[in-house]
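Here chain A shows up in two complexes: once beside chain B, once beside chain C.
So, the complex of A and B:
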């Protein structure tokens, strides 16, 4: 790991230089929010944001992605035979990834890159990407990253971490990918500087600004059925309108649907983000639906993130504490509250009280 | 890196209408590229995704057995968009198959054991595959007694009628073919629901006897207590589940039951395993 200090001018010229080797994405202000966009010539990432409205998930995993093309022209030899789309991904760099969002990529990778099956689309995009993170100097009041496996200066999932201090960019080069990026930005020859103490000071202040937390320590000890059968699900789901905003904005939600779309004699097989909030997600052709009720779908979302994932991969929760689902939920369902409910749920005492909710 | 979503192109070699109401047809597929057949090396109990360009994909149990070479077979119930289209396709048409997917029945565990195969309605496809595999001369000696209890609503709704009749003649398999009811005076097999026939015909449970059950939920619901009474341990009751699927490889996220994906971690589970999982199927 290398620590260097870059001033505003070097930053600007570096980003501009990097564009010759990478497709560079960065936060850009769009109306009231920030979005990740490809940066054109002389366009700089706007780093004056708390966090972007959506995470950079869609850069690696587009909301709608063509998987195959086909022809249904009976006169053609390849009629009805799926053809792979050209899937060569040129190098990309995402500037300004917040540490919470950065952690989402290794979390999601466990789903797309398994010993048995490799999702070629996700993996190729992921491998072609360099993640240049931006540490948070102060948190939003919905942030709970420090109890969700990372923190405002978290490095997991990042190749470079930038710490902004006034006009200076303290730059931590974490991985070989990060080194290659620094090289192409012209920062490679910069002398290592001793800014460790300064960074530590900023980090401590940033961590102190994270005002909310979740408890996850007891999730592992409970059985899936204990939590699944807990009495609070219907009450917690009562206000939910199954709009799917939470899954749409979540950096760690990965579910998708596959659809064919034919125009004239040719068509595409594509995948689109899907959501466990929607009844059709699990609707059988027979009409039967194993998650027919709203509370069952709400339970699925939280159980997946906070219990199934934890058990399946023997890891932390499938949540990075970015707080987007809390900020954007139209009915104020709060994952922190549900997580604490699940974590503190006492099977034994519940059996005595009979179901109170 | 191999793209796990790319179907192998296949040609429909033969279509057999199985039932009198024409709702079930068996499709025999031949791989367009011979080398794809080697890649599609499967065991009884696994499934495939049948893919029709422009329509989509459907997960269907493999009805052929690995001992049958040169083709793969799937029996499909006409119910949704893809299956309805498939039922209207012709021999010679080109489509795709992905797989094999999921876990097969636990053949290593089943070696040296008695097996009771219990099926109802059209959930007899991977069971047909299993019976063909077991009865293959190279395999039959690996297993002890084989009992089959297979029921349908009426004689005309049974799948694989010729094979059933053939197996009924053999002395190395105990066939119990039943229908819910019939007015056919020539019906020479049993009459009665699957749970009742199971009660009468299945051997008692012990460590050396396994039951494989596939059927509609109502049949499973009433057969399970029968097996309990017969002394079957829940480790020895093997079931195959269905849920809505898309990817078939544990990635798209919809077919989970608790932390298990029916497609990748199943579709085969023991009843003991299911007892510790939510009932989301």
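So, the complex of A and C:
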């Protein structure tokens, strides 16, 4: 790992230079909110953002992605043959990934890159990408990253971490990918500087600014069925409108649905994000739906993130504490509250009365 | 608003205790400022969580669809109009409902207020007509009237139209407002300008369907966008499909929409979806003299006909 200090001038020229080797993405203000966009010539990432409204997951894993094309023209030889679309990704660099969002990529990787199953679309995009993170000097009220396996200066999932101090950019080069990026930005020859003490100071202040915490320590030892049958689900799920916002904005939600669309004689097979909050998600062809009730869907989302994932991978929760679902849920279903309910749930002492729906 | 809260709790407990209702649907305080949560109270303890302030903008009629129990429900003007619409459309029976009417002075626009400040808002306190917004290093007083939701600012039915009991005296209705100001503006555009306006309007849509799901009118067992045999609408971000969703949904709401604003309130992308429904509301008013949900005895113009209809096609 190498620590260098970059001034505003060098930052601007570096980002501009990197654009010749990478497709560079960065936060840009759109209407009222920030979004990750490809940066054009002379366009700089706007680092005044707190976090983007949607997470950067769509850069690696687009909401709609074409995988195959086909023809249904009987006069053609290749009629009804699925042809894979070209799946090559040129190098990309995402500037300004917040540490919470950075951690989501290794989490999602556990699903898309396993010894038995390789999702080549996700893997190729992931491998082609350099993650240039931006430390948070102060956290939002809804962030709970320090309870979710990272923190405002967290490095997991990042190739470079930028720490902004006034006009200076303290740059931590973490991986070889990060080194290659620094090289192409022209920062490669910069001398290592001793800014460790300064960074430590900023980090301590940033961590102290995280005002919200949740407890996850007891989740692992709970019995799945105890939590599944806990009486609070119906009451907590009452307000939910099953809109799926929480899962679409979440950096760690990975579910998709495969669809064919035919226009005239040709068609595409694509995948689109799906959501466990939609009744259609589990609707069987027979008409049966094993998760027919709203509370069952709400329960699924939280059980997956906070129990099944915890048990399966033994690497913490499937949530990075970015707080997006809390900020954007239209009916204020708050994962912090549910997580605390699950973590402290005790079959013996539970006297709460379930409400029916 | 404290008086409203106390009165709601008092009524709810009475109704639950004397068995008039099985549950009372209202709002409870959320975990974030300006975010209250729809709440179902079935016992006196949970009835004590019920509350009221200017952040109860979701439409509670959405939560009674097809329910079988006897339900006490807290309803401001627009909720009551959607309850009336529900009764007319057989989604609930009038005698299943005990409507706790809220004379409403408008809800505040949390999107607008959030956008006014660069940092987190940690508390929002109301007192009479003023709202105090505070964060870690600031505090600012706003006039409630200036930060009302757009539909509330132009609302002409603040009092519930149908109720069994009121929590307070009726409020004065607004008369000098034009709910259709923006529609008139769009109507004056030429075709290309209109096209561009609507393209820009829905361009951020992620098709989460929060707008549909928050709307009490959208109760179809299978929405046309979810239908798979045959599949009417594609599932990707293809602009044709996004447009189809918005236009068809709006038409399904024609003559039924009360302009409660729930759809807009819940959109995570801040899209002004009411620009579609408002046009149809205006048409219904101009063509049929109709506003939705004002009477239990009249059916909406698009599911009825009159023998003296001036148009030829009906005869």
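Simple rule for what comes next: the second predicted complex is superposed on the first by the 350 of 357 C-alpha atoms of A that agree within 3 Å, B and C clash if a C-alpha of one lies under 4 Å from a C-alpha of the other, contacts with A are read in each partner's own complex, and residues count from 1 in each chain.
The rule is simple: a contact is a pair of C-beta atoms (placed from the backbone, for glycine too) under 8 Å apart; a residue touches a chain by one contact, two chains touch by 3 or more.
Note that the structure is predicted; figures quoted are calculated from it, not measured.
Colleague: Are chain B and chain C a fit on chain A, or do they clash, once the structures share the same frame?
Modeller: fit
Colleague: Applying the touch criterion given at the start, work out whether A:296 contacts chain B, chain C, both or neither, answering first, second, both or neither.
Modeller: Once the two structures are laid over each other on A, A:296 reaches chain B alone.
Colleague: After lining up the shared chain so the two structures overlap, which partner does A:33 touch, if you call chain B first and chain C second: first, second, both or neither?
Modeller: In the superposition, A:33 contacts chain C only.
Colleague: Per the contact definition in the header, classify A:257: touching chain B only (first), chain C only (second), both, or neither.
Modeller: A:257 sits against chain B and chain C alike.
Colleague: Looking at A:198, would you say it contacts chain B, chain C, both, or neither? Reply first, second, both or neither.
Modeller: After superposition on chain A, A:198 lies in contact with neither partner.
Colleague: Looking at chain A, does chain B or chain C touch a larger number of its residues?
Modeller: B
Colleague: Can A:228 be said to touch chain B (first), chain C (second), both, or neither?
Modeller: first
Colleague: Examine A:244 and indicate which partner it touches, taking first as chain B and second as chain C; both and neither are also allowed.
Modeller: second
Colleague: What is the contact status of A:110 with respect to chain B (first) and chain C (second): first, second, both, or neither?
Modeller: neither
Colleague: From the overlay on chain A, compute the angle at chain A's CA centre subtended by chain B and chain C, rounding to the nearest 10 degrees.
Modeller: 90
Colleague: Measuring by CA atoms in the overlay, how small does the chain B-chain C distance get, in Å?
Modeller: Once the two complexes are overlaid, chain B and chain C approach no closer than 6 Å between C-alpha atoms.
Colleague: From the superposed pair, tell me which chain A residues show up as contacts to chain B and also as contacts to chain C.
Modeller: 257, 259
Colleague: Chain A touches which residues of chain C in the complex?
Modeller: My answer: residues 23, 30-32, 35-40, 42-43, 46, 58, 62-63, 111, 115, 120, 122, 204, 206, 208-210, 213-214, 226, 228, 234-238, 265-270.
Colleague: For the complex, give me every residue of chain A touching chain C.
Modeller: On the chain A side, the touching residues are 30-33, 53-54, 63-64, 140-142, 235, 238-239, 241-245, 248-249, 257, 259, 261, 270, 272, 275, 278-280, 326-328, 330-334, 336-337, 353, 355, 357.
Colleague: Applying the document's contact rule, which stretches of chain A touch chain B when the two form their complex?
Modeller: 67-68, 70-72, 79-82, 84, 111-112, 114, 116-120, 123-124, 223-225, 228, 254-260, 262, 267, 269, 271, 274, 276, 281-286, 290-291, 296, 300, 303-304, 307-309, 311-312
Colleague: Inside the complex, what are the residues of chain B that reach chain A?
Modeller: 1-7, 9, 32, 51-58, 79-80, 83, 93-96, 242-244, 246-247, 249-259, 264, 276-281
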